[in-house]
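What follows is chain A paired twice: with chain B in the first complex and chain C in the second.
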Partner chain A sequence: MDVSFIDQLWLARIPLFKGLGISVSISFLSIVAGTVLGVFVGLALVYGYRPVRWIVRGYTDFIRGTPVLVLVLASYYVLSAIGIDLGPFQAGVLALAVFCSSHVGELVRGALQSIPKGQTEAAKAIGLTFAQTFAYVLGPQALRQALPAWVNTAAEMVKASTLLSIIGVGELLLRTQEVISRTFMSLEFYFFAGFLYFVINYGIERFGRYVERKTAVPS
Partner chain B sequence: MTNLLEIRDLHKRYGAVEVLKGVDCSMRQGEVISIIGSSGSGKTTMLRCINMLEEFQGGTIAIDGQEIGYETAGDARRRKPEREIARQRALTGMAFQQFNLFPHMTAAANVMLGLVKVKKMSRDEARGLAEKWLDRVGLLSRKDHYPGQLSGGQQQRVAIARAIAMNPKLMLFDEVTSALDPELVNEVLQVIKGLADDGMSMLIVTHEMRFAYEVSSRVIFMNQGRIAEEGDPREMFLKPRTERLAEFLKTSTFN
Partner chain C sequence: MISKFTAAAGFVAAVLAGMPAHAQQASSKLDEVLSRGHLILGTGSTNAPWHFKSAEDKLQGFDVDMGRIIAKALFGDPEKIEFVNQSSDARIPNITTGKVDITCQFMTVTGERAQQVAFTIPYYREGVGLMLKADGKYGDYEALKAAGSSVTISVLQNVYAEDMVHAALPEAAVDQYESVDLIYQALESGRADAAATDQSSLAWYMTQNSGRYKDAGYGWNPQTYACGVRRGDQDWLNFVNTALHEAMTGVEFDFYAKSFKTWFGKDLTPPEIGFPVEYK
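And then the complex of A and B:
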């Protein structure tokens, strides 16, 4: 039986490998886009004028209160109903990026607000502009502060990428299910897929630790 | 000749609470003025208005004849653009009660940041100047240490070096020894005294009465948002003219 699993795995290697590639692409794109967008969300939450802050606050609360699966389905079916035709891959990545941005926005907000006011004042006092203050004083400190939670969010995005199988994106889970429907080796192949997800997330976690260590401030 | 600092009828409110109720003060180049008074008298607020860390609602502040923070013409009053305010803040240097060093940078990097980003110096030039000033406050050997690796007194000396390296026209000291353990106060006061001997113009908010007495060319006593008394430190401390100052001095330690 073991031998036949290896045989089947070998037979299925190409679709599984492609699925893994798609899963990694989905995760990578949604984490990057979500993080970039999330930084702006966080900035708006902390420094935005009141109406901007309210709108962005509404956005993050709404998105964070909605199941990711609902976001994925909405992004695919609702957007096409109002005339924005996205493929399943694009729609899925959009939904995940939006979801990611609301979480990263909260992380950035929390990190920025945890920095003592004196830091901004000291930066102003030596004549730094707001942009410079953010780039050299607040940003680097917020980054260190937010990093561990950001790693968690990134790992969540990898897991959430499986939801795109529902709208027919050929990522790792969907490909695994297809292989299972052909071979009936559900236990083996689900374990195998689970192992691959674990490897990705373990990699992300190691990477986060590495950056944490590299940027640690001696004291 | 224009005064270095000219404050006219300065008014500042937090909501309905008026904390500065019309402060007038002028200061010449090279003067060392200590501002004393009980907490809530408005002395720190006044200092923070001078570099626009606080907005103010009435009156004018000018450094070297240059109006700070606002454009006033008659009754009309407009806040200057943010970039201009940032530039004006570099006219003064400030040291804070809580030091406020940037914790993710070494002592030298703390001093260099403004030199490189605001004064647009090359890194080598900035490093040279940073080392000169760290040496001056006795911390050259600690230049590669992070704030978390320094004592409070050392951090405050780095913070003073960071401010003074920017070559400000006027140094503002906001209760710089209040957060320090007693045995660390002196090393910081010695640095400030050294700057006074160099002829640096300084406004010092302090609770150290002995220090104010020794270092100041003039003392300002603030009470309830106004300057209640000002003059020569010897006369102020030994023969206070107002009841209020006499009372304040009685309750403060002069050691």
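And then the complex of A and C:
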């Protein structure tokens, strides 16, 4: 059994490798887009004018309260019903990026609000503009605060990418199921896929640690 | 997962219901497909022998061949297909939202579904069967039934699994397993005396492991498989029906029979020449 699993794995290497590539691309794109969007969401939540704040608050609460699966289905089916016809890959990345942005937005809000008000006031007193205050005073401190939770969110996005198999994106889980349907080796191939997901998430975790070390206050 | 999906699909359906229906087009899907130059077929990729990937990563199976029959009728070329890979749960939404021209994905015909999509004529009748080891203790269904409570049947985990087996073997012990490979393994290792699942799956497994297993010769729980198209386009439905019908009774019979032999391991008798078989 073991020998034939290795044979089957070798035979299935190309589809599984492609699936891994798609999973990594989905995760990477949605984490990057979600983080960029999320930073703006966080800023709007803390510094926005009241109407802006209300709208953005509504957005984050609505998105965070919706299962990712519903977001995935909505961006695939509902958008096409109103004339925006996205492919499964695009629709999936959009849904995950939106989901990611609401979580990152909350992380950024929490991190920014944890910085004492006196610092913003001090920055104003020495004549920094808002952009400068964020870039030199608040941003670096907020980054340190938000990083551990951000790693968590990024790992969640990798796991959420498996939901795109429902709308037919050939990511790692779907590719694994395809191989299983041919080889009838479910346990072996699911374990293998689990191992690959672990490797991706371990990579993200190491990356987070690396950035944490780089941005740590020298003591 | 399924119930979560059902809820999600319900939500999506509710949103869609609130939107104005697409303006009815004057021309049929048939014209649209012809001018596009290829068929967009919705099917899955994870169920042998219906729709699954070969070792070369090419989509194949009986459902896929039904699509090829339709493509051949449209363009004279069975390869002119663009596949939309979908999960079983996405079959109906992808038809109703127009993501696919047609779905052929072992879809069981039910009254409930027929209200949402238009079914073509059937292309296969599924049922549950029992698979035995070729050199095992029991020779056929009668022997299993006579043995009463001393036989154990391996079956896929399901709410109805117990009732399903008991409909055929009222006294048999039922062992439920997580996945198809495990029910076969239970039979192979002797933990079960027979494996009960869809006859198509059994037929495929028996063609893959020729000589090691045999069919107990009894089938129950009939289900009809048909392709589905969007409701309200009789022209397109008629075309697809004609293509499938002629594959089972007319000029494309050899194509259908070859596919049947490949995936289910059985030779079909050609339709009798003379009076049309449909009216017998």
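In this text, the second predicted complex is superposed on the first by the 218 of 219 C-alpha atoms of A that agree within 3 Å, B and C clash if a C-alpha of one lies under 4 Å from a C-alpha of the other, contacts with A are read in each partner's own complex, and residues count from 1 in each chain.
Definition applied: a residue touches a chain if its C-beta (ideal position, glycine included) is under 8 Å from a C-beta of that chain, and two chains touch if they have at least 3 such contacts.
Here the structure is a predicted model, which means the values were calculated and not measured.
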For this session: With everything superposed onto chain A, say whether chain B and chain C fit together or clash.
Result: fit
Exercise. Counting only touches as set out at the top, which of chain B and chain C does A:Y136 meet: first, second, both, neither?
Worked result: first
Exercise. Residues of chain A touched: more by chain B or chain C?
Worked result: C
Exercise. Which partner does A:A81 contact after superposing on A: first (chain B), second (chain C), both, neither?
Worked result: second
Exercise. Of the partners chain B and chain C, which touch A:L128 in the superposed model: first, second, both, neither?
Worked result: first
Seminar exercise, completed: Between chain B and chain C, as viewed from the CA centre of chain A after superposition, lies an angle in degrees, nearest 10, of 160
Exercise. In the superposed arrangement, does A:G21 touch chain B (first), chain C (second), both or neither?
Worked result: neither
For this session: Could you tell me how near the closest CA atoms of chain B and chain C get once both structures are overlaid on the shared chain, in Å?
Result: 45
Exercise. What part of chain A is shared between its chain B contacts and its chain C contacts?
Worked result: none
Problem set entry | Footprint of chain C on chain A - complex, ascending | 11-12, 14-15, 67, 69-70, 73-74, 77-78, 80-82, 88, 165-168, 170, 174, 177-182, 184-187
For this session: Give every residue of chain C touching chain A within the complex, in rising order.
Result: 4-5, 8-9, 11-12, 15-16, 19, 45-48, 52-55, 57, 84-87, 89-90, 93, 97-99, 178-182, 184, 205
Seminar exercise, completed: Within the complex, chain B is touched by chain A residues 116, 118-119, 121-130, 132, 136-137, 140-141, 144, 217-219
Exercise. What does chain B use to touch chain A in their complex?
Worked result: 51-53, 82-83, 86-87, 89-90, 92-94, 96, 98, 100-104, 113-114, 117-118, 146, 148-149, 159, 162-163, 166
